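What follows is a set of structures for review.
Consider the two complexes below, in which chain A is the common component and chain B and chain C are the respective partners.
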Partner chain A sequence: MSLSDRHFDAIVIGAGHNGLIAASYLAKAGRRVLLLEASTRLGGALTTAEVSPDYRVSTAAHLLDALPRRIEKDLKLARHGLRYAKRTVQTIALDHDLNHITLSSKRSDLDILRRHSPADAAAYPRFAARMKSYAGVLGPLLQDMLPAGAPEPLSRRLRRLIWRAERLGSETLEDLMRQLPGSIGDMLDDAFETPLLKGALALDAVIGTGEGPYSAGTALNAITRKGLRSISNGPHIVEGGLGGFTDALSAAAASFGVIIRAATDVKRILIVDGMVRGVETQSGDVYEAPLVLSSAHPRETMLGMVGAKYLDAGLVKQLTEIVDTGATAKLNLSLDGLPTIQGLSPQEYGARFLITPSLASLDGAYAAFKHGGFATDLPLEMTIPSVTDAPLAPPGQHVMSIVIQYVPYQATGGWEGSRDRLVDHVIETLSEFAPDLRDRIVAGELMLPQDFERKFGLVNGGWYHGDMRLDQLLTSRPAPGLARFSTPLRGLYLCGAGSHPGGGICGLPGEYAARLALSEGVRA
Partner chain B sequence: MSDDTDLTTSTDIEPPPLPVTENETAAPAEPVGRIDLAMLDEMSRVDPALFEQNHQDPPFSRQVMTTPLHFYVASESLTNLWCNWNGYSVAERLTSIDDEYATLRHSAVMTDISPLVKYRISGPDALTWLRRLVTGNLVSLSVDEITPVVFCEDRGHVVGDGLLFRLGAAEFRLVTEEAHLAWLLDSAIGHNVRIEDVSATLAAVSLQGPLSCAALAAAGLSGIENLRPYTAHWFDLMGMPVYVSRSGTSGDLGYELWVEPDDAPALWLRLLDKGRSFGVKAGGFALREIARVEAGIARAGVDYIGAFSAIDPQTAMTPYELGFSSLVDLEGEHFTGRDALRRVHARDPRHILATVAIDWHEPLRFTAIRDATGLAGLATSTVFSPALGCNLAMAILQPHAISSSTVLHVEAEIREELSLRLIHAPAHIIAGAALMLPARHLVPAPLTIRG
Partner chain C sequence: MERHDAIVIGGGLNGLTAAAYLARAGVDVLLVERNERLGSAAAGYDIRPGFRMPRFTLGTVSLPAHTVSDLELTKFGLRLMRVDGGISLTGEGRYHASYRDGLMHRRELARLSVKDADAWTRFRRDMLRANLALRDVLAHPMRDPSRRTLAAFRGLLSGADKVAAKPSEDMHDLLRIWSMPMADFLDSYFTSDLIKLHLAAKALAGTTLGPYSPSSARFLMNAFMGEAEGAAGGAPATVLAMGGPEAVANALAASIEAHGGRVRTEAEVTDVILRDGKARGVALADGAEVYANAILSDLDLKRTFLALFPWNELPKGFVERVSRFRMRGVTAKINLALDAMPEFPALPDGCPALQGGLRLVTSMMSLERAYDDWRDHLPPRLPLVEMLIPSMTDRSLAPQGKHVMSVAVHYVPEFLHDGPWSNERRDRLSDLVISEIAAHSPDFKDKILSTETLVPPDIESEVGLTAGDFEQGEMTLDQMFFNRPMPGLAGYDTPIANFYLCSGSAHPGALETGGAGAGAAARVAVALGHAPIHRKGSVL
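Moving on to the complex of A and B:
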């Protein structure tokens, strides 16, 4: 191996989407970049794999929510193969009485909602507009690179936030301040009366988190999610599943000259005199670079790869206190035909379905989860991606992708024997809407939170490298002493979902960390 | 089980039964002036069991704790004046402060310093952990050496200070004024290190003064004179292992002796016995305070507030502001607060801890240190120094007060019966310690007073 194989301008750790995006931006700016990935495949939790031979589906995450068009354009992702099977997928709450509610303000959709409650049909557009204005206030804060730790720019930023809010009228600002720390459940109880509508909107706010619909701060969840989604008008279904997105990112990275090494696990980040020198891999290889960006979990990066002895004790404590809650499982099914969902028109099969009858039922499922169990009627988010992306399954056949909310990382009494019960509950719940589902199943795979951890390194099976809670957002993400991508060690940056603005497939932590590293690198 | 224990305790507490004689009941007309001295003596006998620490008790079960030497110190007391030090009752004064001070500066004074907080640190990462904990460089600290240390939190504010003993390759003892276990354990995350609070299982006696070495030699610690300052050595005294360090807060020659609690009384009595011919006496906490202010040694919790105790972060202080600059090594390995201290060390201090002498011949009580324009600082400890014949204060001063052109004074009120005098006493800042005696550094240490 020659000297140039050892020396790089920058090393990026972890080839999830944020790692790939960070590496691409660095390489695009002319840096020689080495991207190291511990696993044998790229993309982290964004991957498409076979459920059974010839049936392919996104293994974990299955919708692209919030990728900004800017990143798509900057990295020329379309040229590298990013195709959408369906853009701006509509969301449908499935109803036992077959009056399925489409979450939109379109007149035809509101007509159906009117069957449930005329008052709600009237209130829905107002509610949607209110959420949009809240997201409009918070959105820029989420999408901006955070101000540096210095108090001056932060206060300026906050002034701008308040100014922006004031422009919307003081009512909205007061409202927002009242809603932010509250729960989505209370907010919805205030606005609506239809149990199904409230259940669906609440599930949309808490999915992927370990919070209940009445947990404090979940209103903010709903608003930030709305804010992030509005970046790209998501969610979208990607051709080839989210593995297709990863392929496009990898191709883009390669085209910018990023050198990608899979199956290369970083053992430690080399520090000399408070500055980054490079990395050492598990196999003992040393790669040198003055710049290292890690998209691994902030705790794994700082304590596992750097080591506590290079960090202040208070910061180490903060890192150990990052909360990761895995509350979500995934069931992927191969089907020998399209299951009949009663009361659904054929063009609606490509939608995203939310299944939970009411807030009470959602809260019940949360209560069971909190005590280490799972409810019989689990809240579900389901798609049939093969409807819009036929090549995922053999002709005429389909794959179904189901996110199961409120599944504990550690089940009381262990997961042995409970897996089958869980699958059974889920299929039972779905069969109430699609009676022929059970007969159509060819094969299936269940991913529990612990499987996410084992396979994708997601701590406790949590999706976001630190829960997206009020106390772990903005300048507190991932920890108060680590906000804004940089670390106390010169040349080391955090570019994963643990950094601002957080998880949810937006790619912003990767982009911002790379931009910051580039701007500071010029100065160094 | 409780039956007999309860019984024993209750009989123990009762004073010895008075000798009831027929005489007493039969002849009540006996004159009151006649006192049976033997009987009084018997009545005043104190049962040592009352002062014994029951180590089975959880540490929080007792509000007022006594040291293993409590009874032995008590029997030296002519004043019965006690004060609280870290939750322990310690003698404030045993005789008179003038006598005790004279003994300290002309002979040697024994003080029970068991209430100091002591941590035992061991394990493979002990040294690595300590290097990250304290601001100084520990590279050259060998076994049986001692170094003063200061430790900060992330923002570079001082959490506490203390003395660090290296007892073995991977065994240390940290002695501090205040308890810091929570912070020590927090900073141990990621390190293979064991940290134990051994405060209750390690007694300590301080012997300070020009004849301290002579007294120790007489007590049987042969070769003690060759012990260098800030080193320690194990001695065998009457079969007891005693760890003796040449350290202390008096600004003079002095030693601190660390023993098992069970051995502490025997050590105390031995030192008192063998030191008698040198004039060695026991002293109290008030004397220790005078001596340490004379020596310019700040006391945590009094002269500065630890970073985690400060309600207003502005009142937390950096090592530079506390005069601990020499204990900070910004160029060495990483320690907690290094990055923050690199940023602040060039900055002007917000306040400065210094010793201030107030020219007044009798003890004054005051808090404000003033200059022509108003408040220039606050006194945190005030004592009257008999050696210097003036009042001394440790004071937190505003930076401008340090400049030589600033004229400082204090105002105090002295009440004499029904009259009040207002005092306006000039004050000036003392660079370094007010009193630092050469014997502190002499090797071998003098065995007599000035030859």
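Moving on to the complex of A and C:
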């Protein structure tokens, strides 16, 4: 190995989307970057794999929902192969009485909502507009790097926030202040009466998290999601599934000159005099760099790779206490034909479907989950990506991708024997809308939270490297003593979902950490 | 025509506190109360001749020290007793007690976990610190950030500067306690399940959250509110008033009258008299009309605006906002007269902590389940049961050798999913609770002389608290501070000129007994052109 094979300007640990994005930004700024990935595959949980031979689907998350347009442009992802099978996918809440509600303010969609409730049809555009203006106030907060510790910039930021809020108009502002610390459930109970509409909007706010629709902080979650969507393009279906997104990111990283080594597990981050020196891999290779960015879980990075002896006791405690709650499972199905979803026109099959009849049933599913069980009518988010991306399945055939909310990591009595019951419940729930679904199933694959942990290293199967929970957001993310991206060790940054603004496929932690590392100017 | 400077509608502790502060400030104030007795839910009654007890509340008292001293309540007959903090008892007969004495409490903790005995010091310090920060907030009236005034805007900016200037560690500690689920928060201090459960059960009693709800950790600090800092580290005391909590109401009334104010019971206000959209007086049920320059309501927000005003006098949209204010009952009360002191063989003989009450606990998860059941409006299966035998401390409450027992049952819904509370349902609840207690206390059932069960709708119909909600509006983050009772209404003013809210529906709500009354009094004193009211330890 020559010297230049061991010395870099920066090393990025973990080639999930945040790691790839961080590495790309660093390389784009002229740094020589080494990206190390423990697994043989890049992209972390964003991968497309076969459910059965010739049927391929996104294994875990299945929509690109919150990737800022800026990142897409900066990294020239389109040039590197990012194609959308469908942009700005419609969201449809499936109704037992076939008056499916499309979540939009379009007149024709509101006409259907009017069949449920004229009041709600009138209220929906107002609600959507209000959410948009809230997101406008909070959105910039997500795009700020949110420094903690230095009082001056914080007070300036707070002043800016107040100034933005002041321009809202007092009624909207009053409403925002009331909703902000509250729950999405209470917010929706105030705004609407249609159970289906409330169920769908609430599911949208809690999906992927371990929070209930009436948990404090879920309104904030809904608003920040809206904020992220407003700087991205809304939910997109990526050609080739989310593995296609990973491929584009990898190609972009390579084009900027990032040296990518898969199957290279970092054992230690090397520290000398409180400064980062590089990393040592499991196989004993040492790579040196004055800058190391880790997209691994903050606890794994700081306690596993750095070691508690370099950290003060308070920080160690905070890291130990980061909560990860796996609450989401995934069912992928190969189908020998397109199932008939009743009451749906052909052009609507490419939509994203939310299935939960009401807030009460959503809350009931949450209660069952809390006590280690799962409800019979689990809340679902379903897509049939092959409708808009035919090559995913053989001609005329399809793949269905179902995110199942409120599935516990550990089931009371263990998962043995419960897996089939869970699959059965899900198929049963879907069959109420698509009666011929069962007959079309060729093969299927269930991913439980524990499977996500085994396969992708997600602690407890939680998707976000620390739950997106009131006490683990904003300045408390990833831990109060580690708010933002830098660490007490000079040259070491956290660039994964565990950092602000957190999980979801937004890539912002990767981008911000890279920008911060560049601006702080540690050079070889 | 009867005329005063100010009228207070309702003689609960906030109304009485408001009137007492106003009277001392030289305001000619009249307080009118619908019921025969003052104190609202804190009123006492004789469950049978010679057995006196609080009818609706457990019977412990939490009263800020500055109220006692400002209003000279001791001079007006109030005797407060500080006893140990109570005991939790599990189904297997394991127990954990809270002692005021630092050494005793440490020993008690160490009996369960030596590590936790050390953690207690840290926990206690953090609770006191969190209270100190809260006291700073309570000492000032809430500025309404949505008010379009330069002063409000400046206040916000200086608030932002203050937040930013706090050492970030302190800020993070505050963020943690105000945002975390209680169970996770306790895990970060203690290892013993029983110690965690003991603290959680006490803190959750009467709240509308479960131990795993985000933002429930903050209830842990309430018990430490009246605790002095620096004292060598025991558990917070339980405070009782000689004569029961109604003694607080009586002392407040005496304080009002001593300063020229008037208190009239059995006087129900039916309407607020409006002229040109301004409140001018009140009409009483007996037809009399009383006029004043300021009218304060100690009724909850819903009852105030939905019962005292014709809807067309209120601004457009206001009634809708009032009806969105969340009020839910969560506590039932079982009152018992006992022929003899009940025995609890699992507890050490003569354990002094029993004076502070006894809670039956199972597990954190079962508390969460009780909370889930409450939200689903199911008949309680395993509610949180809290007992207090005030006659142990105050012998005057029951005949020689006999006792009264106050039982608060938490996570009891205001109505059931399949219909309202019936007598049969009430009986089933009291049978369930009494059997639970009897499982720990042989012959308990034989000692019962009288029993009465009151569920949230009983509390609503007798005391007037909407939904039987003692907090007069859920104390969730979206209904606290400048959001209490709702954004735009944080400073005790209402959309009706001359009309103010002084009940627990206003800031600081259940955070401080009488706090809303004192805050409203300060606002009204200024409005009437009197000198500002100063409270010890705070500026109003």
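Keep in mind that, in the parts below, the second predicted complex is superposed on the first by the 520 of 524 C-alpha atoms of A that agree within 3 Å, B and C clash if a C-alpha of one lies under 4 Å from a C-alpha of the other, contacts with A are read in each partner's own complex, and residues count from 1 in each chain.
By definition in this document, a contact is a pair of C-beta atoms (placed from the backbone, for glycine too) under 8 Å apart; a residue touches a chain by one contact, two chains touch by 3 or more.
Since this is a predicted model, take the numbers as computed values, not measurements.
Of the two partners chain B and chain C, more residues of chain A are touched by C.
Of the two partner chains placed by the overlay, only chain C lies in contact with A:D190; chain B stays clear of it.
With both structures placed on the common chain, the touch criterion links A:S476 to chain C but leaves chain B unconnected. Contacts of A:G274 after superposition: chain B is touched, whereas chain C is not reached. Of the two partner chains, chain C is the only one that A:R178 touches; chain B does not reach it. Residue contacts after overlaying the shared chain place A:L311 against chain B, while chain C stays out of touching range. By the document's definition of touching, of the two partners only chain B reaches A:L303; chain C does not.
By the document's definition of touching, of the two partners only chain C reaches A:E321; chain B does not. Of the two partner chains placed by the overlay, only chain C lies in contact with A:S215; chain B stays clear of it. Overlap of the chain B and chain C contact sets on chain A: residues 314, 317, 481. Within the complex, the chain A residues that touch chain C are 148-149, 151-152, 154-155, 158-159, 161-162, 165-166, 170, 173-175, 177-183, 186, 190, 211, 214-217, 219, 314, 317, 321, 323, 363-364, 367, 370-371, 469-471, 475-476, 480-481, 483. Per the touch definition, chain C reaches chain A in the complex via residues 145-148, 153, 156-157, 160-161, 163-165, 168-169, 171-172, 175-176, 179-181, 184, 187-188, 212-215, 324, 326, 365, 368-369, 372, 375-376, 476-479, 482-483, 486-488. The residues of chain B lying in touch with chain A in their complex are 128-129, 131-133, 153-154, 183, 186-187, 189-191, 333-334, 336-340.
Residues 274, 303, 307-317, 320, 481, 488 of chain A are the ones that touch chain B when the two sit in their complex.
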